[in-house]
Structure formats: C-alpha cells, structure tokens
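Each structure below appears as structure tokens.
In the two assemblies presented below, chain A is common to both, partnered first by chain B and then by chain C.
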Partner chain A sequence: MRARRIAVLLLRRLLFMIPILFGVITVTFFVTRLAGGDPAYLIAGAFATPEVIAEIQAQIGTDKSIGQQYVNFLSGAVRLDFGEAIFTGNPVQDDLGARLPATIELVAFSLALGLILGVSSGVFAARRRGRKSDKTVNATSFSLLSLPDFWFGLILLYVFFFKLSWAPPPVGQLSANDPSPTDITGAAVLDSIITANPAALKAAVGHAALPVVTLGVLLAAPISRLTRSSMLEVLQADYMQFGQACGFPKSRLRRYGVRAALPPVVTLAGIIFSILIGGAVLVEVIFSWGGAAQYAATAIIQSDYPAIQAFVFVAGAISVFVFLIVDLLYVLIDPRVKL
Partner chain B sequence: MSAPATALQVTDLSVDIVSRKQRTEILRGVSVELPEGTMRGLVGETGSGKTMTARAVMGLLPPGGTITSGSITLGVQELIGLDNEQLNELRGPVMSMVFQNPRTALYPMHTVERQLGSIIEAHQDLRKAARRARAREYLALAGIPDPDRVARAYPHELSGGMAQRVVIAAALINEPAILIADEPTTGLDATVQRQILELLASLQSDLSLSVLMITHDLGIVAQYCDSLSVMHEGQVVEAGEKRQVLRQPAEPYTQQLIAASELSEVGHAKQAGSA
Partner chain C sequence: MRVLTRPWFGLRGAAAGRGHGDHRLLNPALIAGIALIVMLVVGSFLVPALSSYGPRQPNPADALQGPSVSHLFGTDETGFDVFTRVWYAPRIDLTIAAAGVGLGLVIGVTLGVAAGFTRGLVGEFVLRIADIVQSFPVLILALALVALAGNDRTNVIWALAFVNAPIFLRLIRSRVLTIREQRFIEAAIALGNPTRRLLRKHVLPNALGPVVVQFGISMGYGIILLAGLAFLGVGIQVPTPEWGSMILIGRSNITTGQWWTAIFPGLFLAIAVFAFNLLSDGVEQAREVSR
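Right, the complex of A and B next:
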C-alpha cells in the first residue's frame, strides 16, 4: 500500500520535472540574452571586419531573431543537444559530461563531511545545552558561518600545502605525474575505487582532501546549528521523558532522539547539495578542480550562451532530482509524512 | 483489618530548581503516602507541585531540579541517591508513569508494536515473537478491541483515547507495582475521559496496583480514589481519607477547591442519598 503510494508520488514528481525544467531553461535563455554581449564579437576579436562578424554570427546562430533562436534551442534541448560550446568547440553536453562528475564528487564528499561534523557537534551541543562545550560549539559554528569559502580554502592551502607540504598542489583532481585511474565516470576517487587502483586512490584522495575539508567544515556550521535546535526540541519532547520513565537505557534514548531530530537536517542537506553544484565555484577555481562550476564560470565571463544554458539546465535538473530524493527520504524516515 | 503496607512513601521532600541566576523552591517538605493496592489522588492547581512530586519519584526532574532534603522509598528501597542506571532497573518493572498528553508521549517514528517491543526489551529477556505476543496481550488488557491493527499503527494514526490506552499498556507491560498517572485524561475528550478513568480503576483493582492519580479534578478523586493529598504552592496542605477530606476539609484552601469544583453539589447529593 505504502509502496504503491511511493511509486505514484515518484511518477507524479517525475512528470512535474518537465514543466519545471522547461521553465528553468526558458528563463535562462532569455536572461542570458538580456545580459547582452554577442559572443560573435568576442570570438572575432577587436579588429574584425563587419563581414567576419556576420559570418561568425551566422555560424553560431546569433544572426537569427530571438524567437527563432529560442525555437532552435528548445528543439535541441529536447534531445539533450545544447549545441557547441563557443570556446571549446565541443558539444556542450560532452564538456559538461566530462566535468560534472568531478563537481558531484567534490560536493558529495563535502556534504558527507559536513553532515558528520555538523550532526555530531549539533547533537553534542544540544545535550550539553548552556554549558561551556555548547557555547564553544556555538561560537565556532557562528564564526564559520561568516567565513568566505575561498578565503578558508586559501588559508588551508597556505598551511597544508605551502608551509607543511602535507597536501599536493592545487592542480585539480590529480597531478600530471600521479598514477591516474582509467577514466570511467570522470570522478577520480570513484574511478580509482571502481578500477581497484590503490595508488590512484591515494593520489585522488590526497587531492580531494583540502577542497573537501574547505567545503565540509564550512557546511558543518549551518548543519550543526540546525541539528542543535532540532535536537533541543526533541530532548524536551514528552516521548523522551516517557522513554526515560519506561527505563530506556541512555543509548536507546540517544538513538531515539537523533532519529527524531534528523528530518529537518535531511531537507537542509538537499538544499545545500543543489546549491553547491554551482555554488562551489570559488573552491573549484582555487583548487583548479576542473569541474562543472568552474566551466560555467568561464562560460559566463565569455558569454558562451550554449554552455551557460546547458549548465543551468543540468543544475536545475539536479536540484529537482535531489529534492525528489529528499522527499522520498522523508517518506522513509518520518512516518507522519502524508503521501 | 491491619493497615496495608506502604507501596510508596515520600517524606519531607524538598526540591529546588537551580539555574545560574537563581534558586527556586518548588517543593517544600512534601510527604505523600501511597498504601499498597490503593489509589491516591494528588490534587492541586497548576504549579502546585503535583507533577514535580511525581517526577522526583520517577527520577525525572527537569534540568536544574535538585532534591535538597527528604526521602522517597518504595517498600524498603530508598530512591534518593540512586544513579540513572539503578533507577532504570525500577522504572518499568517497579514503578511507571502515564503522561498527560498521550499523543506526544508516544515516539512518533515507530509503530506501537515496535515501541512496546523496545519497552519490553529494556527489562525482559524475551524473543521477538514473545515480545509481539506480549505487546498484543497488553494492548488487549488496556481495552483495545483490535490489538493487531493498533499494534501496526503509528501513534499519529490513533485517536487520543486509543493513544492513551497504548500509553497505559506501555506503562504496565513490565508489571510495575506502582503507577503514577499524571493528569491522564486532561488532554482527552469528555466522553473518552470517563472510559480511560474506568480502565485505570479496573486495572488498579485487577492488578492490585498502587496508583498515584495526579489531577486538578476533585470529581475524579471523589469517584475513583481511596485517599487524597491536597497540594498548594509546593506543600501538602491537607491529606487523608477521601470521605473525610471531602466532607470535612480542615484547610481553607481545600474548602476553596471543593467550592470551586462541581463537587459541592455532587457531594451534597451523595450525602443526602446515603443518609
């Protein structure tokens, strides 16, 4: 019964994705154009003749009316064909396909680290409410919240690469002379695991360490604060008192409490994940991560319409998908959620 | 008839709530005696200290709650000074508590069966099948007509009355001798209130429980309790056998309580009837 309702929910949400994504790419299309700047001029250079420019415009399609361009764009997008990126010359979907896994790997590991640090420190602080340790956790998370990620990343680089030489240089997922795994997904750590290549895994983890710590530690701050407040509410709940009155051992009460405090944290994790797909751009740049966000940032600077549009589409699709997963998780972890 | 043994004896109990800024006295020399196999009403307005007395007995004082003097004994066992693990041995198999709001007292994430199973598991070494059977047995004992369905339900799927029956089943499932019922019907519909009180009364006599019934409703005391203690501002102002206290209250505060309740008329009617 519940399984069938979950299937129906899934189907309905998947259908909903279509109009949402349609809206996302439509808005992106027009906003990119509102920003102005015909990439033909950039491609042609400062001394190009009007003829050359016209030729380039015809090549990349910016000579047509906005309406016509929109129709062309949509008909391609339906087939997941977003055209060629102006500056790399490759089909945008290929460019993104090569870079997205690196971004997703970075974001996923960072979020995992953020959840481990955030949930444990939040639970810890809530259980010691008002004591010194609670205040320390609070002060730490508060200062982390106001720390810019690129600055924190640079500090970590300075200390652990430049001063201590514990970390490899910030040259992306792997250095040129590192043993590299066979490229399957494009995410170095994952590929090393799939191909059972311990040497490559060691190198990939080493390179991922600093960017993951940068993002993970910063993400831990909001997660910790939310966990703490959610946990405080749970700790005062009648069912915790009743559990105690029934003689539950401390360990079971703790499990009860954490389990009940988690649902809001799952929502926050989903929001963070979808924001970070594009939001980790500065960290990607600092560590030359070569991910999708870095690619999109370059595309924006260069008015590379097809690349920008495709990235926004993909980021939108990932968000919608992540929220679908969050909703499903909610159904699984909280029986009170109505289907 | 010899006087029955005492199941629970609270003597001269004083409790302070200590925070960094101040120390608030919430109980001042409270003494309550609960004779074995009887039901005692603990009566008073909100904030009079009835719930705090119950919580002190269960070892569930709120943060900052500190017992400054007195003694709490179950039979010969002194409770004050026991640590959490030692109290856990008693919570469930010796003393248990029913909460005011059954909807929030049950753990929302687990089915009724699972939480009853956990409560059994905390004290009894039973296999899963035996725990399931025992859970259903106690649901039936708590007057639930279809224990199977309720066992599989989540708390939010139950009505308030049904949830309170589950709470009662949970409180009794490890066979305590003493049950503290903290306003067990205040959060329920009027019609359901009566059913729950009847259930508690019949369980009390069937299982020869000693019940401390915390309530602000003198009508409940008049109907179901054997004796009562009246609390006011952290003190017991009057205590005694029900009939005697309700008919000839010595304390002005008790007189006020009786006058404020509908009992004044009921009491007179009963008196007239029995005369």
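Right, the complex of A and C next:
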C-alpha cells in the first residue's frame, strides 16, 4: 500500500517538474540574456570591427529577435543542445558532460565527510547539552561558519603541501606522472575503482584529500548545528521519555533518537549538495580540479556565452532533481510523513 | 547559502540566564559583533591614515618580505604593504555588501509584503519566480550576472541584491501571512485604516524582526560572495585593496611558502563575516529575551 503511494507520489512529482524545469530554462535565458547588452560585443572585445561582431552574432544567434532567441534556447535546452563553446570549439554539452562527474565526485565525498563529522558532533553536543564539550562544539561550528572556503583551502595547502609535504601539489585530480586509470567517467577515484587500479586509486585519493577536507570540514558546521537542535528536540519528546521509562538500553534509545532527528538533516544535505555543484567553483580553482564548476568559472571570465548559459541551466536543473530525491528520501526515512 | 535557523551560541548563558522579567537586550554576542564591526570601520579610516604606506602604493624594492616591524603583515609581490591594505579593505567590502544586501532587502520586503498581503495570483507568480531563482547556485548566478552585465562594482551590488531579494521575500511573506490573520489587523481594518497605513504602521513593524536577523546572515555571506567573485577576477579587480582580490594576489605565493600575502586578508575577511554572524545571533537572542 505504502509502496504504491510512494510510486504515485513519485509520478506526480515528476510531472510537476515539467513546469519547474520550464521555469529554470526561462530564468536562465532571461538572466543570462538580459543581464547586459548583446554578449557578442563582450566576446568580440573592445576593438572589434562591425563585421567580426556580426559574425559572432550569427554564431551565437543574437542577431535574431529576443523572442526567436528564447524559442531557440528553449528547444535547444529540451534536447540538451546548447551550441558550441566559443573557446573550446566543442559542443557545450560534451564539455560539461566530460567534466561534471569530477565535480559530482568532489561534492559527494565532501558532503559525506561533512555528514560524518557534522552528525556525530551534533549528536555528541546534544547529549552533553550545557556542558563544556557542548559549548566547545558550538563555538567551533559557529566559527567555522565564517570561514571562506577558498581561504581555508589555501591554508590547508600551505600546511599540508608546503610545510609537511603530505599532500600532492594542487594540480588537479592526478599529477602528470601518476598512474592514471582508464578514462571512463572522468572522475579519477571512481574510474580507479571501476578499472580496479589500486596504484591510480591511491594517487587519486591523495589528490582528492585536501579539496574534500576543505569543503567537508566547513560543511560539517551547519550540519552539526542543525543536528544538535533537531536532536535536542527529539531527546525531550514524550516517546523518548517513554522509552526511557520502559527501561530500553541506552544504545537502543540513541539509535531511535538519531533516526528521529535525521529528516531535517537530510533536507539540509540536499540543499548543500545542489548549492555545491556551483559553489565548489572556488575550491576547484584552487586545486585545479578541472570539473564542471571550474569550466564554468573559466567560461565566465572569458565571456563564453553558450557555456555560461548551459552551466547555469544545468546547475539549476540538478538542484531541482536533488530536491525531488530529498523529498522521496524524506518519505522513506520518516514513516510519520503522510503521503 | 545559509538559511535562517535558530543559531545557538555558547555565549548566550550570561544574557539568557537571568531571571524572568529582566529584559536585557544587550548580550555578549551582540556586543562582540557590534564591537568588531565598529573596529573594522574605524580601523579602515584610522590605519591607512596613520600608515606610512598607501593602500595602492607599490614598492617593488620591498617585494615579498615577511612580516617585520616595518611591514607588520609583510608585503606582496608588487611590494604593497599587506597591513595597510587589509585595514583599508572594509571600506570596499563592507560598503558593497551593505549596498547589495540592503537593496535586496528593500526589493524583497516590498514584493514580500505585497505578495503576502494581497494573496492574489500576482503574489503567487512572484513567489514561484523567487523559488526558481533560489534553485540556482548563488555563486554561479552572481558570477554569471556580473560577467555578462559588465565587470564592475555596480553590477556586483545588483547581483547581491538579485540573489538576496528572494530570501527576504519569502521570509517577510510568511510573517505577513501570519500577521494579517490576527485580531489587531482586523481591528485596524474595521477602524477604516487605508491599506497603505495598515501596512506601514501595523503589518511591517511586526514582520521585520526576522528580517533584521537575516540581514546579518546575508551580510556575512555577501562579504564572502563578493570576495569570492573578486578572487576569480570578477567584479573587483586587482590591485584594489579588497580582501578577495588580495587573496587572489597571494594565491600563487602559498605553494612557495609566502603565506602572509593570502592568509592575513583571509583572516580579516573571516573576522568580518564572524562579526556579522555574531550580530545576527545577538539580535536573535535579544528578540527571544524580549518576547
């Protein structure tokens, strides 16, 4: 019965996504198109002749009317065809497709680390409410909220690469002389695992360590604070006191408590994941990660208009999908949610 | 982007622990936040005035020197005095962030009050657009806006306003929806108050509390955002004495050991963000005490 209801919910939510994705496409178009003037001038530079500008306009399609451009972008986006990137000359969707797995890998590992650190410290703090250890966790997480990720990454680089030489140089997912796995997805750790290449895996994990720690430690802060407050609420709930009165062992109570406290954390994790697809830009740049976010940053600096448009759309679309997954997870982990 | 939750900070005890009826609005977090902000603002005028180096005065002979008595925070690769520039930066960082977030607040609150109070189709439409705008990663949206609209400071302000307006819109709308159902609004309508006066005198003052808290959070994030843009070379350009742009200059020095060129600007950036987080935490606590 419940499984059927979940299936219906999924179907309804998928249908509902059509207008949302339509909205994402529309906002992408108007934000990127109407923010400034004709991007052809940006691309051509200050000293371009009218002929060059006209040529670029024809290439990126800005010689047509706004309405026509919107229809073109809309039909392109539906077919995932965003035209050619001006600076690489490849179809934008190919460029992004090749780099997205690396970004997703970085974000997923960072989020996993953030969840491990955040949930454990949050539960720890909630169980020691008001004690010194609780206050220490709180002060730490509050301070971490203020640290810019790109600066934190540079500090880690200085300490672990320059001073201690534990970490490899910030040259991307692998150094040039590292054993590299066969390129399947473009995400080095994942590829090493798929191709069962332990030497490449070791190198890939080494290169991923600093960027993942940079993002993971900073992400742990909001996760820890939310877990703590959610856990405090649960610990005071009647059912927990009833469980205690029944004489349940502490470990069992803790398991129940953590499970009941998790739903808001799952929502937060979803929000973080979708933000990070683009938010990882700065960390990717520092470690030359070579993912989609860094590609977008380069495109933005070079005014590569089709590439910018495509990435803004893809990032928006990914977050719409992530929210869908979060909603479904919510139903799965919290039986109290009515369908 | 962080959303408004109920932040809790260890400093709370002293203010909240007092007996009932002791409506102390000042708490340690609030005082510390305000003190740090005042320090940064005053320092941004005082330190460059007293310093023997200008914030835009290169001195190639002294390039890349470590912290010493003559250069407290060392010098960067063009011989800029890092100490002077780091202290000068709040004039740029805080001003742009305040302008952008403030503009977003005004736009968001205006639209939010309208959307919440009328509850019509237009309000619903505005809300859906805000939803969609919020589903884009903030950093990418801001980057794209500034890069396409033109690489200058005014556009950074507009970009900050654009990404912050939906946050304020949703916040104020949900408050207005609750408030408009309350008796005193009914009474005010019955007394014949025109809508304008109703909104200004009765709805808005009661809805603004969480907006102030969010303003602090948004300021903190806004400073990080604009420094992040500058770090990518978007918005504010090298050699402007601005924290993100200074970290960009110092970035390449980190892997060769000259840590001071990037670490000090980032430290001040973090202090500024910390100050605004403290401020919003303090305001939140004060609101709880006064309730």
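Methods note: the second predicted complex is superposed on the first by the 327 of 339 C-alpha atoms of A that agree within 3 Å, B and C clash if a C-alpha of one lies under 4 Å from a C-alpha of the other, contacts with A are read in each partner's own complex, and residues count from 1 in each chain.
One rule holds for everything that comes next: contacts are C-beta pairs under 8 Å (C-beta built on N, C-alpha and C of every residue); 3 or more make two chains touch, one makes a residue touch a chain.
All of these numbers come straight from a predicted model, not from anything done at the bench.
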item	value
Contacts of A:Arg259 with chain B and chain C, given as first, second, both or neither	first
First, second, both or neither for A:Cys246, with chain B first and chain C second	first
Which superposed partner A:Ser229 touches (first chain B, second chain C, both, neither)	second
Chain B versus chain C, judged by how many residues of chain A each one touches	C
Chain B versus chain C as contact partner of A:Val78, first or second or both or neither	neither
Touching partner for A:Val320 - first (chain B), second (chain C), both, neither	second
Which superposed partner A:Asn138 touches (first chain B, second chain C, both, neither)	second
Chain A to chain B touching residues, read off their complex	129, 237-239, 241-250, 252, 256, 259-260, 333-336
Chain B residues within the chain A interface of the complex	58, 60, 63, 84-85, 87-93, 96-97, 99, 101, 104-109, 111, 118-119, 122-123, 154, 156, 167, 170-171, 174
Chain C partner contacts - residues on chain A that touch it in the complex	20, 23-24, 26-28, 31-32, 35-36, 39, 42, 134-136, 138-139, 142-143, 145-148, 150-151, 154-155, 157-158, 161-162, 169-170, 222, 225-226, 228-229, 271, 274-279, 281-282, 285-286, 293, 296-297, 300-301, 303, 305, 308, 311-312, 315-316, 319-320, 323
Interfacial residue positions of chain C with respect to chain A in the complex	1-3, 5-10, 128-129, 131-133, 135-141, 143-145, 147-150, 220, 224, 227-228, 231-234, 247, 250-251, 254-257, 259, 262-263, 266, 269-271, 273-274, 277, 281
